[in-house]
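The next part holds the structures, each set out as structure tokens.
The two complexes that follow have chain A in common; it is paired with chain B in the first and with chain C in the second.
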Partner chain A sequence: MFEICLSRVTWLHRVPAGIKLSVLAVAGAAVFLTDDRRVLAGLVGFAFSLPLLAWLPLRPLARQVLPAAVLIAALVVFHLALGDADSAVLVAARLSTVILLAVTLTLTTRASAMVEAMERILAPLRFVGVSPAKAGFTLSLAIRFIPVLFAITGEIREAQKVRGLERSVVAVALPLLVRTLRMADDLSEAIAARAYDGD
Partner chain B sequence: MIELNGVSVRFGDLTALYPVSLSLAERRVAVVGSNGSGKSTFARLLNGLVVPSTGEVRVDGLSTARDARAVRRKVGFVFQNPDNQIVYPLVEEDIAFGLKNLKLPKAEIAARVDAVLTRYGMEALRTRPAHLLSGGQKQMLAISAVLVMEPDYVVFDEPTTLLDLRNKRRVARAIAGLPQTAVVVSHDLEFLADFERVLVFDAGRLVCDGPPATAIPFYRDLMAAEADGV
Partner chain C sequence: MTVKDMVYAALFAAVTAALGLLPMVVVPMVAAPITAQSLGVMLAGGILGAKRGALALAVFTALAAAGLPLYAGGRGGIGLFLGPTGGFALGYVLGAFLTGWLTERMWSRLNAVKAFVAGVAGGIGMVYLLGIPWLGAVARIGLHKAFIGSMVFLPGDLLKAALAAVIVVAIKKAYPIIGK
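The block that comes next holds the complex of A and B.
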């Protein structure tokens, strides 16, 4: 089951969303900009220890990290196959740091708090035509609809399995695309019906 | 009062609704018809989600074409599939969404969210992610999220279609208890039997407008005739 924000409150839940977003942005940028192994080790250690220090339950954390871990493992194997162990370590360190911090953020921060923080952070961009409210709302919709899309994909897979088409990418992707577009249409009507004006 | 004067709707070459003129002043109005009969188009006209191709829809004097924002504050709309109308991940966040759009103060938003959660027995679900709710709970959330905005009218587009019997009854009870005018599109004729007025649509035309005692038998006969290919 896909977790969004954990309902069990930890001290990390109480840290303002703006601070958590800023830490993610700074650490995420730093881990990709630095080649200093000591700094990298520090950032990796920080990313791994943060969920433990916050006593986050490991199961929902693992559920979200696992798909990315598979991808990271594949990249590491690829670099090792090319005989580049140094790059393999760098890729693993950088991606795992960003992914762990991002998952920790989403598990400990409500979408509405993230939206409000994002609106504050993006407020100066109002002068160049960016709408902070729209950007924040888009983020919240993305968080809301990730599990919905997972569920729809599961339903389509089941339906195609019955027809022996579970291995066909097109047989899953096409209905998913159609349903997603229809859902987007319905959603835009629902948002309009609830007096949303984008301000 | 909601008034339609010579309202028709065309989508390109397709006429979804032929000209219709009527006033809705009753507290409970039902809309029935087969799939593609124009009933959902009719429902969407009432809060400006669909703009008439000809004629005008007025809600308490406001035109849905010219005053769409003001009309949407007066007319709430509950869609068939709650999954497509819940916009925030957590229950209480989603209920607060419409109130934030109305630019209400934070204290009032919190009070109204509390009140609606209590009223519909959803306090325990307050911080639950919406995607983990059952179908019935999702529909109650969608209804609560509209009712919390305290609209004068509420339009329900097939609110019980995706629900089991227990949840159908729960939603029917919630609708029955509303102080507002409710316009309900539904195929569930048993649920509509206590309504004051029933509008029957067929092939884009309003073919019957009357109390349930006359309109529902008319609709049954119409559907039976169509099924028999008459």
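The block that comes next holds the complex of A and C.
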């Protein structure tokens, strides 16, 4: 399965996803609610030391962090250019904390574990008619559809190549959508035929 | 939520994900790459309607938050929703709803122009409406500068809305889902 989570297991992988999500939620809220420099410094220190303490490899870490780092650097330069050092410090501290903690969570948590944790968090929604089991099923189905879409796109492009249309977006998109919508209908009927009621 | 709602939502979540995995178009003179991803918002709303379209983008968002590299450039993870671009991610879900709602309202007399308006309102209007103030607040750059910065994406998004309109109208003829 393609996912961002590292295959090499670190001790952070073994921490339950629910706990990691709670830490991220608390730290993420704190960093935006406080202006206190000491609290901010503590949170920044925590966010930077966590990936180091887990010995996360730098390359995948950098790949996830880099786009945000470029944006944060641009914002810092922007605020400094306007002479607003306070904003530069706040933005850099807040965003780097949140991004680093979130990337660390993502790199050390399997998507399946995250989905299970989200199912548990969303469990109260059962009372407004959202079934966690149905949500989990829909998520799995979407993941399964992605390689199917690429396979069908490949077939259609082959077919349209004969007509010299393989570079036309519409000539590929239309048959792709019609075929996959029809497939979705067949699949719905197949699921209904097996008396699936979602729970 | 019926089985059909779930399967359609899963399909368009996958379509939106696949659009993000396509190679990005790097336009000369423009710093940011233009990706096909927001096309998914307009297509999901325009083809599935409000409820199922929003559900599709919610499924996509949940998968990305869970740590699949579904956003353009192989990014993903919960950080995308906490950082400066979080509002755009939220805007995707509500944008698909708005595009779908407008498309349903105009369904019986839908043409490319109306489909374009629905796509622009949801896929651009709603996405920017949530994304720009969020960016301004989180990055402390203010509404005005966040707005100017986001205008880089407007030409590409208008092009996508036009493409989505053509596709939505054609799908309405070939394999309509709304109103079935």
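Keep in mind that, in the parts below, the second predicted complex is superposed on the first by the 124 of 199 C-alpha atoms of A that agree within 3 Å, B and C clash if a C-alpha of one lies under 4 Å from a C-alpha of the other, contacts with A are read in each partner's own complex, and residues count from 1 in each chain.
As a working rule, contacts are C-beta pairs under 8 Å (C-beta built on N, C-alpha and C of every residue); 3 or more make two chains touch, one makes a residue touch a chain.
It should be emphasised that the depicted structure is a prediction, and the values quoted were computed from it without experimental measurement.
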Touching partner for A:126 - first (chain B), second (chain C), both, neither: neither
Contacts of A:161 with chain B and chain C, given as first, second, both or neither: neither
If touched residues of chain A are counted for chain B and for chain C, the larger one: C
Chain B versus chain C as contact partner of A:193, first or second or both or neither: first
Touched partner set for A:141, first chain B, second chain C, both or neither: both
Which of chain B and chain C A:37 touches, first, second, both or neither: neither
Which superposed partner A:180 touches (first chain B, second chain C, both, neither): second
Contacts of A:103 with chain B and chain C, given as first, second, both or neither: second
Which superposed partner A:151 touches (first chain B, second chain C, both, neither): first
Those residues of chain A which chain B touches in one complex and chain C touches in the other: 2-5, 110-111, 141, 143-144, 148, 183, 187, 191-192, 196
In the complex with chain A, residue positions of chain C that touch it: 1, 3-4, 6-11, 13-15, 17-18, 21, 43, 47, 55, 59-60, 62-63, 65-69, 73-80, 82-84, 138-141, 145, 163, 166-167, 170-171, 174-175, 177
Contacting residues of chain B [partner chain A, same complex]: 44, 47, 49, 69, 72-73, 76-77, 79, 81, 83-90, 93, 96-98, 101-102, 127-132, 145-146, 149
Of all residues in chain A, those that touch chain C in their complex: 2-5, 21, 24, 28, 32, 63-64, 67-68, 71, 75, 78-79, 87, 90-91, 94-95, 98-99, 101-103, 105-106, 109-111, 114-115, 118, 129-131, 134-135, 137-139, 141-146, 148-150, 153, 169-170, 173-174, 177-178, 180-185, 187-188, 191-192, 196, 198
Chain A residues within the chain B interface of the complex: 1-5, 7, 110-112, 140-141, 143-144, 147-148, 151, 183, 186-187, 189-197
